[in-house]
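Look for chain A in each of the two complexes below; its partner is chain B in the first and chain C in the second.
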Partner chain A sequence: MTSAPSYSPTASPTASSAGSARPTPNGTAVVVGGNRIPFAKAGGAYAGASNLDMLTSTIDGLAARFGLAGARLDEVRAGAVLAHSRDFNLAREAVLGSSLDATTPAVTLQRACATSIEAAWDVANKVTLGQIEVGVAAGVDSTSDAPIVVSERLRRVLLRLGRARSVPEKLKLLGQLRPADLAPVAPNVNEPRTHLSMGEHQALTNLQWQVTREAQDAVALASHHHLAQAWQDGLFDDLVTPYRGLTRDAALRPETTAEALAGLRTVFGNDQPNPTMTAGNSTPLSDGAAAVLIASPEWAAQRQLPALARIVDAEAAAVDFVRGEDGLLMGGAFAVPRLLARQGLGLDDIDLVEIHEAFAGVVVATTTAWADEAFAAERLGLPALGTLDPARLNVAGSSLAAGHPFAATGARIVATLATLLARRRAADPEREAPFRGVISVCAAGGQAVAMLLEA
Partner chain B sequence: MSGETLDGGAFDGGSTAGAPTRVDHLAALPATGPLYAGALARAGRAMVATASVGEGLPDRALRVADVHLDRARLDAYCRLIGETAGEAAPPGFVHVTLFPLQLALMGRADFPLPMLGMVHVANRVEQLRAVRTDDALVATTWARDLVGRPVGSGDRLGTQVELVTEARVGRPDGELVWQGVSTYLAKGVQLPDLALLDRPERPAFSPPVPTGGWTTAKLTSREYATVSGDRNPIHTHALAARAFGFRGTIAHGMDTAARALAALGPLRGEAFTWTAEFAAPVPVPGRVALRLERAEDLDVTAGGVRPGWSMTAWDPRRGALHLRSALALA
Partner chain C sequence: MAKVPAPLRGVQQQVGRTLTKALGLTEPVSLRRTDPDHVDVPLASGPVLVVGTGPDADALATALLGWGVDVRRHSPQVGAPAQQRWGAVVAVLTDLESPGEEAEAVLAVAGVLRDLARCARVVTLSRLPRPDDTPARSAARAGVEGLVRSLGKELRAGATANGLQLADGVDVAAPAVLGALRFLVSARSAFVDGQLLPITSDGVAPADWTRPLEGLVAVVTGAARGIGAETVRVLARDGAHVLGVDVPAAGEGLARTMNAVGGIALQLDITAPDAGERILDRAERAFGGLDVLVHNAGILRDKLLANMSPEQWTSVVGVNLAAQLAITQTLAARVPDLVQVSLASTSGIAGNRGQTNYGYSKAGVIGATQAWAPVLAAGGGRANAVAPGFIETEMTSSIPAVPREISRRASSLGQGGKPVDVAEAIAFLASPQAGGVNGAVLRVCGQNLVGR
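And now, the complex of A and B:
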């Protein structure tokens, strides 16, 4: 018995070409633009918002900015660091709640604080290979709406209770519980193998690299002043959509001074004789989300959208902080020199450098390592990058002033740097050499991701 | 119980030297609770009566055959200590599994030192290969080297003893896979006619830069007591700890040493010598700082240095040394 299937293909609106087209690697992925919500402080304006709420709004904002409502994109790739188990499919759920076409596929990923720069790297690679034409890389984190879990003992007893068959068996299991087992457990982001917080780790790195309080406070001061200037100049008109009454990053203190920063008490490394780390030179716990749109130049041109900057290359590094070989957040001291060496570039070829300010000490120690001949020779087997001109560093501020919702930071930086490079290109269209920018984002577990953009 | 001669053949340059000539076989590893209860009762009697300790070590080794590592307990131990729970047990888990043999020996009426109140001052493990959950072990424990030694910096004296535990696979003369030597000190106990050790050297300690650490907590100590069977009340009850001269509850020494080793992770390999010297007790609750450091010249065996790792733990607030440990690769 034969009966032909009776479905009739209906024309569905698709933003990209038919999925059956053969991949044609063209070697180019560009940043079309970005969108984020202003970053809030923990317990602040977004205290009632979940990761899914913030990510969905941010993707919606991106869709609104680039006319993508109802469009099917080839991929949305996003993640969160402090993830609820219910959000196992966070990126896909965000797509389904957004104005994008419901047939847009999505991937949820996590690489600690390098989550969304990793996502951008992945999307760019797929575009470069011609497998996809356009994708979104995004990240979100909430420290206000973080998961609270039950104690390990209670969890194990509950799991065994579910498997227990008889009432006496169940009673026996319940009898093992003590009052203390019932207390909820808040998340912490201490390193599981060293039991030290990131701040305590950075305090050790600061000792190793002799990072002074003054140097850290100078980084913090510059971050606030640069970010304030960038807001004033309207840089974020193209990059940020207000959310829940917040129109600007909540951690930003435009009026802060060196004296004010110098007056803060130290919060990390207080076991050391001369602690240097304060709430001023460490990032605040934050809530927020950021997304970046990456496509082939052809896709952008077809939709008359900009191609801000090309994603040229990226490199990851990881260090063995567990045995104290390198500081936890020093991956950028390896990733960036390796990336530039592969591309045959020196620090002088780079117009803008973005180092994620997890702590001001990360910026100081990383740039110190870049200039250290012995470190370069012994650890990298490469010539030292040399001394970085501070005028090229984090010119529109970074995480100390903006805040740092862990997984969102990479996408914030990729979109911001691409915009800055595009503006430099627009201001100097005749320059022969490309305007280049390099990003370094450190992450938990001793990792870091570096990325090279050019316009 | 039938006695038999302890067979030699230990690998550590004849570690059966001074070992007992007779072996008592136990049907199974004894439960630790009754052993502690008995010791508490004896300690109570000793407080009201003059201690009537014996002289010399019992001429007995205790042996138990067909010992299997307990899977569920190994999982719980690994989770607590920070090890990966696999088929191969961390060396500290073999120690806690076989620890009841030590207790049974120290709990015997003819053991010359009081079990409670003894301080674990050092531990040494020779592991020839990792002990696995499917190994059937024959474990033997005996005591050796009863000596007097100075205690603290004054002129107090105490008595020290080593408890040797070895684990062989399959048969009493099977493949030796693990050997532990635990050194205990009974402060204030003096026995006649003992050789006297020199005062141990105590090099000044200045805290290095840590690579990690952990916090101690009463709940964690109780969990370690449960999983290790080491229910010495100085680890779980402040009153008991004070009765034995401590300011409050203190962490299990082997808990501290095992956490330091766990931080090293898989770099320790399967075969090694693991040593631990316990200095100031670790207060509970409190914080512990740890430094792991690669070392090329670890002097853990007579005749020659070996590469490996040193592990140092201390109190980050007071700067007091808790643990000097080493892992020398085989």
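And now, the complex of A and C:
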């Protein structure tokens, strides 16, 4: 398939293996396709599946779709947010369990909810530099099979017990333990510095940006309707492979209505005078995995595989939500304007916008910030992006309806958006300007990653 | 096969034996099937006896020797070599002009029937009756059919009887004849019994008889599991590149099947209007073309006709018949030499209570096959069908125990077939050496007692 650039002291071009070329920086990376398993609800269809199981199956589905069984890829880059310590080499273990050639190298990485979009960015950069020809970026998370750890005190005692030499020493150590120390510590994804859950953080952001319940419920309703329509249209026939009997995203409620959403009780920000966040406009805890295949156009052409969209550029941002004035999940308000400014593009140049719906409020607050002149001038030093046409936003649904297995979301969005852009291009091959799409994925720790695709 | 709880297994066996004895049926034996690591080795389960005199018998014996088979001749004067456990007995009856001429060869076969190896084969080679035959010749030729079907019911211990019916002008040493004979003699035809296969043209010999599909591109619909998944494996074993198609909801099994053979999975509902286009596009992109189309996808919605809902009728006919017709229509226009193998069913031949919709669709498949045959032949292709009898699949494991056991026993081999048996027949009909077989329906039913 591909051979690594080989170093040869004699620098004889004929000495290197056939097909091996010198790295060509400023190359191009394209999305060839993707695969994910339907996203399940926590404790649902995948309750018995580990991250390794789900990631392996997702890579296998990708291999079957593109005929990669037995093929050596240049890299598989994947990670999980809720990671067991035994899964320290998750990506490589998934490769070894998959139908890919066992000589496919792999990297395990993590950038909270932006894990797999970060992986896609990394793979695209290596392809663009000519260091690799093809790679897989993937993410997986299980909230059902989350690690449970022992108390900090028990852990310290156990570690010292291992080093203790004499029986009296051991007994003395054990005597330090109290019954409370034996209780397992359930996992949580609260912010370590604020001890607030993401939902509570978003409730504060919603207050700051005056995000209404109605605006949030409208985002949720559109997400369910758009995702249901996309399933109906067969968009996911080439993007999803069923797993453990689940054939569609379990959180999807095609029949939901504005009235039903309006009737839900609030779950976050209930200490505020007018709480607005419900289970309907917040993502459910989910299990699932997603992968995206990224390659040079030459690799894709050689295998007669599609080049759905080019990965043009990406930008990360982080906000100081601990001491500063920005909300935890507002990174997209910085990353996207900076990315578009660098590319010399305005919001009007973008055909499709994908904002990860961690909460509906994230979408509303982020787009509000994009349109806010004062915010743009004071915080970004850039002109405001302007008002986003809702018809361009999350047109095939997003995390509220699909679910959000943390590390899987980026790869889900990259593959879906690339497919949508390729379809627009196929429907209008004459248009001179590229069809462009931008992605914003917010993440824990105040981070976000934005990415620009074009077809 | 559904697992019966241990304490009940003895009861189940006893029920089986009692039924078998009361009905005069066969006690089943484990059939000889292809070892994927040693395909066609050994070809037959013992030495092969060629019965018959004349140039056709000589030519055939010579051709068999070329495959490294231990070939022996039956001599009218001396009889058959003694002390053998025959793997196969081939009776050459191609020169029959009137009844009575068959007797010598038939009785020679009779003389060795007690010396057959387990899972031995009796194969007749005769000529296809023609409308313009003299009554005597037509009678002599047609008579072979009754001989084969009756002998199939007589043989025991996994042995089968089948016949090849050569059209006039087809030489006994033609690749199509040798290829079909090879299939019938080998372990590939384990569950084919009591069948007569017409051979109407010469066919083409493959470069490698053990990998006859080398370099060909095959599409299998309904590939996720059961007979479809097994067909993917056998086609790949025989050298084909395979594109597997199944509905998106079956994608997990499809991915597993296709990754196991290094093939490609296409999640597609075959009733979609653009299904043919998408199949062809994917096959051409992935493998540079398309040679073989296996229409395996099918659904069941069993109901007595009196209770049948419109959805139950139309969905079965839509998937099992209409979708096939549309896909072949699209493909035949772009691939004139398309080789098509469709899954019919004994339900479409003999009928089955509660399966009016399924029976309609499967009889329809046979009708479509016969109509496609000349159309595709004009472009160098062909269309054939395989009609499975009772096959042990996930689908048939849901049949209640007693009717299931009856279905198994009601065949000359006294057992149900395995998906691989159907897959072997499909792979044979897809191969170049089956080029002389067109418009045929090959039953893989262990000579089920219903229908022809």
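We adopt the following convention: the second predicted complex is superposed on the first by the 432 of 455 C-alpha atoms of A that agree within 3 Å, B and C clash if a C-alpha of one lies under 4 Å from a C-alpha of the other, contacts with A are read in each partner's own complex, and residues count from 1 in each chain.
Everything below uses one rule, namely that contacts are C-beta pairs under 8 Å (C-beta built on N, C-alpha and C of every residue); 3 or more make two chains touch, one makes a residue touch a chain.
No experiment lies behind these values; they were computed from the predicted model shown.
Asker: Quick one: classify A:137 as touching chain B (first), chain C (second), both or neither.
Answerer: Neither partner.
Asker: Looking at A:195 after the superposition, I want to know if it touches chain B, chain C, both of them or none. Which is it: first, second, both, neither?
Answerer: first
Asker: After the superposition on A, what does A:70 contact: first (chain B), second (chain C), both or neither?
Answerer: second
Asker: Touching A:57, do we find chain B (first), chain C (second), both, or neither?
Answerer: Second partner only, chain C.
Asker: What's your read, chain B or chain C touching more residues of chain A?
Answerer: Result: the larger residue contact count on chain A belongs to C.
Asker: So which bits of chain A does chain B touch that chain C touches too?
Answerer: Touching chain B in the first complex and chain C in the second, no residue of chain A appears in both lists.
Asker: Under the touch definition given earlier, write down the residues of chain A that touch chain B in their complex.
Answerer: For chain A paired with chain B, touching residues are 152-153, 180, 191-196, 204, 207-208, 271, 321-324.
Asker: Quick one: which bits of chain A touch chain C in the complex? Just the residue numbers, please.
Answerer: Against chain C, chain A makes touches at 57, 60-61, 63-67, 69-70, 99, 234, 236-238, 240-244, 247, 304-305.
Asker: Would you pull the chain B residues touching chain A in the complex into a rising list?
Answerer: 79, 82, 209-215, 219, 223, 263-265, 267, 289-294, 309, 316-317
Asker: Please output the residues of chain C touching chain A within their complex, sorted ascending.
Answerer: That would be residues 248-252, 254-256, 258-269, 272, 284-286 of chain C.
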